[in-house]
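Letters A, B, C and D name the chains as they come in the text, with residue numbers starting at 1 for each one.
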Amino acid sequence: MIAILKNGVTPAQTKHLVDWLKAMNIDVHVSEGKEVTILGLIGNTSRVDMELLRSLDIVETVKRVSEPYKQANRKFHPKDTIVQANSIRIGSGYFAMIAGPCSVESEEQIIEVARAVKEGGADILRGGAFKPRTSPYAFQGLKDEGVRLLLEAKKATGMPIITEIMTITALPLFEDVDIIQVGARNMQNFDLLKELGKTKKPILLKRGLANTIEELLMSAEYIMSEGNENIILCERGIRTFETATRNTLDLSAVPVLHELTHLPVVVDPSHATGHSRLVAPMAAAAAACGADGIMIEVHNNPACALCDGAQSITPSQFQSINHQVRKILEAVR
Amino acid sequence: MIAILKNGVTPAQTKHLVDWLKAMNIDVHVSEGKEVTILGLIGNTSRVDMELLRSLDIVETVKRVSEPYKQANRKFHPKDTIVQANSIRIGSGYFAMIAGPCSVESEEQIIEVARAVKEGGADILRGGAFKPRTSPYAFQGLKDEGVRLLLEAKKATGMPIITEIMTITALPLFEDVDIIQVGARNMQNFDLLKELGKTKKPILLKRGLANTIEELLMSAEYIMSEGNENIILCERGIRTFETATRNTLDLSAVPVLHELTHLPVVVDPSHATGHSRLVAPMAAAAAACGADGIMIEVHNNPACALCDGAQSITPSQFQSINHQVRKILEAVR
Amino acid sequence: MIAILKNGVTPAQTKHLVDWLKAMNIDVHVSEGKEVTILGLIGNTSRVDMELLRSLDIVETVKRVSEPYKQANRKFHPKDTIVQANSIRIGSGYFAMIAGPCSVESEEQIIEVARAVKEGGADILRGGAFKPRTSPYAFQGLKDEGVRLLLEAKKATGMPIITEIMTITALPLFEDVDIIQVGARNMQNFDLLKELGKTKKPILLKRGLANTIEELLMSAEYIMSEGNENIILCERGIRTFETATRNTLDLSAVPVLHELTHLPVVVDPSHATGHSRLVAPMAAAAAACGADGIMIEVHNNPACALCDGAQSITPSQFQSINHQVRKILEAVR
Amino acid sequence: MIAILKNGVTPAQTKHLVDWLKAMNIDVHVSEGKEVTILGLIGNTSRVDMELLRSLDIVETVKRVSEPYKQANRKFHPKDTIVQANSIRIGSGYFAMIAGPCSVESEEQIIEVARAVKEGGADILRGGAFKPRTSPYAFQGLKDEGVRLLLEAKKATGMPIITEIMTITALPLFEDVDIIQVGARNMQNFDLLKELGKTKKPILLKRGLANTIEELLMSAEYIMSEGNENIILCERGIRTFETATRNTLDLSAVPVLHELTHLPVVVDPSHATGHSRLVAPMAAAAAACGADGIMIEVHNNPACALCDGAQSITPSQFQSINHQVRKILEAVR
């Protein structure tokens, strides 16, 4: 960590600051230039509060030289992590297509969709049992029963399943779930992250709506620091001023994450855009820029043509998206 | 709720949609104009998924006529809510100054700051025991011990205390805490909100960094829908592109919230700006535009002049801010 | 246009509003439902000030049923527009690769880069002569001389050229320029747009950093309303809270624009990301989601290995990007 | 300027970079620490392209030690600038209330409003003659005739006038205008700024919707670098994800600007919020946090009660806002 002191700082002030840092077991290398004095902080600087340091009257600016995440950092783990969910691998060239309905609604529905997406090329079945909803009056999912039905679908199709956890007290229900999803709203629910770090379960960690890429990695670090290294990161759109799409899918995050971390990166075009017509082009773009997987909402309601326009797509649309994605994967390999 | 159908929708399609809505116990009033067909949805529309409806191929747009929050809505509860925390009232003309350190560090520290801010005009003592930190390696607060020390400070000064909860399992520790704070990162931790709704404790609910005013009210509604109406809303800055301040304090939210809800609204200029020099002007502005309280970080470290530039201010600065705020309150009354 | 009136509006108030609208030659269809009264405004509503209407005390909300852009609107011009710049076509299946240096620096440089990118697969040569710079002290481009050198490069290679205009008084210099670029900062310089509308030159209109897709189309409409239909839209990143990239490339804008308008859409991954390492993956993604062209910064400075990390890439990197982009175009066709 | 090199940079690479910098007449002070090598750049670094430097492969980060604006910088001009517009002063304790209609509509209207706001306490008359409108089909102002009518109102009331310029070719029309306004959309129309810098007219420079405080100061620097130091900065809301207000008024910008620059700062609550009901509280807040002036839209249409809800307020509301603002100014002095 580097701290640049302001013009006109006195030697006494500099000494005061250096002593304070040394009291925290930080070694300090002082470099006095013509224009400014620069402190090089050496040692375990992850404990130094950068914001506090930066806010001191005599400090012009503070800059980390090393990233604040260690276990998620590619510098220290150059090799790609491969996350294994039952029979399916994700990362380092292993690409996974994840598909299924927004919510589990009934045994019939989930098994029908599961079979349809498997036939359409899906590797993993998604489905919501616990649903985070902005309104307390909205449908909050089938909960325990939803998880049970997903497990039925897993039995029926052999596909690994992924579903979202909202509170740590529900963890026992997830014993046979293959990948536990942490939703965007819980990306910084640190107590939940720490508890999931104590399991060995694969975790799909969604980026929060207003969270930076570095914050996403710090949340992964929360899980990893407790011992669980099976983490899949997921870009699902950030909140901006644009209203033509529900959120703004930040696809640049895919190559940026690949540079910074060894963890696999998945993209969710359904939630990001909120429009079924945009799922196919954005899935294609995600594949082209290096995503290790794509997660798509697929419904199966032939009786209700009304739903065609929603963010969910039909099984036959999914099949064609999967087909195109695989072609692009070949083209970019 | 109003749904405007697209140009060229056939009567059969309209009927299909109307039947689907009626199956959800929604009464529908169809109005066919020259340009468009409009459906008026009557009944308990809070269960209708607006996003789904809007995404249907034949629907141009959907508009709520009534807000999705009921108990927090001023339309149904025109009278201001007054939240009582021990001896202190907030709302409807009762103004509360909340002050104290970012973190509880020791018994000596918290009692010293508590006495100083009380003398400086504070009504309520704040102090962090459980600290949400972006990094798993950063100091996470004194936890249980922090709460205990706050209770000592309460005993020593008679001031009610407020401190943050991060997980529902910690709730028993908060029995003698006067106001429980829900932090910005947990604004949409719906399971936590629901559990807090089952208590009768005053809750200070902070706006999330990327959450709209309506989402803040929906989170209040989560608490209220479980029976707890003692809610104080808190504006603490939103995330924007500007980097001169840590976040952008959205003071317009204060009069907007006063229009939409009967709940009291408090402003936190310390966290919003991240700079001690900005606390005084933004506290003054908050008072001028109608805040029911202001929450300020105050430290007490006369030995360490280094901290002067942080977002925390000294007790004597606090005293002068409090003095100015009270003068402005008189001016705007 | 639809105006929904508030609950409890009196017939006299409604009549007052209807009379006011009729005085503007707007025909009004009144529909009184149980819950709300809805006005359907028929006629040339593009003159009605939506914000004023929405802000009236008796109005709950106002909604356009038709988009405010007419000539740029795909509804009225379903067929894709093809813009022709000299020998090169863009749009409706014609894909153009645009490449060249950020700034024109010398005759030798621009001709060398021009030849290199042509060999690498570029269709059009880009190069900045007038450079909009945040600082008045920064290099502002070679100006007139820069345009002259670009024309030399055009002569030497046969490639059409594109360069940016910053003020209308410079227009005579652009007579032999094939495509005139309007930069992000000038997207809402309406006087400039109107003057460009009086020419027949192809215009590449960049989206402003904080402008919505609809605003981009309204700026295109400014040009078209004066008679010039040769417009290429360009997505080049929007300003968000994320700092890992210079801006956030909003690739969803590509399929959204293709739905809303018949104009071709080009993507600029160099300026959007600000990092040369991100140009290849984002160019691939742009091709995959349907862009009609890609604009890439290429430098040619073998003597200065230092520049390798900039947002500009080398000619040989460009060649390999072009190769991959063409493979993806085949895969998605 | 400070450049921090990456770990593992070779001496040869460092020398290469230092030579390159020296070739630009930059003196370089090299400091090799245990962890990193730091370059201190001394001399006229305003010509060094920070983004290019930062993007070099061997550079970890670059940090300006001095701000890129000189003439607008309080460090070099500690004394507050006072801008004089005819008889009215703004800045350094001189507070100005600016009021008037959005658009000049007729001689009768502008003179009536001018008299009303003067009586209500306004110091300066505002009114739009050239109106930047998102749609080419919307009313674009009375233009030349609008300026002429404003001058009539100036004659009738003795108040200085302010009105917006959109293109430099219109400058001759502004000869008798007291303050020329540069709108938010033109904040980075650098050619316009430079031309205005050649006049001696007071310029009110509005912050762009997506522009940082530093960019606002750089645009002021454009004007000042040509010789015109009569600049008033104006905060008028930034674009964020929140939709309850038209923009998010960033009042923290007021004290931040007072720290960074000696130029006066004015706040426009009408355009920022877009709602007349929010003008009074946000004007009060602006006064409380140190604004040197407030600009408010006032209409005068007693015949048309319909307009009550717009962002414009009535003359009697203006009078009461002015009264409250003056009381707050006394309270904070």
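Here is the rule we go by: a contact is a pair of C-beta atoms (placed from the backbone, for glycine too) under 8 Å apart; a residue touches a chain by one contact, two chains touch by 3 or more.
This is a predicted model, so every value here is computed, not measured.
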{"item": "Neighbouring chains common to chain A and chain C, by label", "value": "B, D"}
{"item": "Higher-contact pair (C-beta pairs counted), B-D versus B-C", "value": "B-D"}
{"item": "Averaged-CA centre spacing for the pair chain C and chain B, given as whole angstrom", "value": "39"}
{"item": "Intercentroid distance (Cα basis), chain D paired with chain C, Å", "value": "26"}
{"item": "Averaged-CA centre spacing for the pair chain D and chain B, given as whole angstrom", "value": "31"}
{"item": "Residue numbers of chain A (touch at least two other chains)", "value": "210, 239-241, 243"}
{"item": "Of chain B, residues touching chain A in the complex", "value": "16-17, 20, 46-47, 49, 51-52, 55-59, 68, 132-139, 166-169, 185-186, 188-192, 194, 208-210, 215, 218, 221-222, 225, 239, 246, 274-276, 304-311"}
{"item": "Chain C-facing residues of chain B, complex", "value": "2, 4, 7, 29, 31, 33-36, 38, 40, 42, 60-61, 63, 65, 239-241, 243"}
{"item": "Chain D partner contacts - residues on chain B that touch it in the complex", "value": "210, 212-214, 238, 240-245, 248-256, 259, 272-273, 277-278, 281-282, 284-290, 324, 327-328, 330-332"}
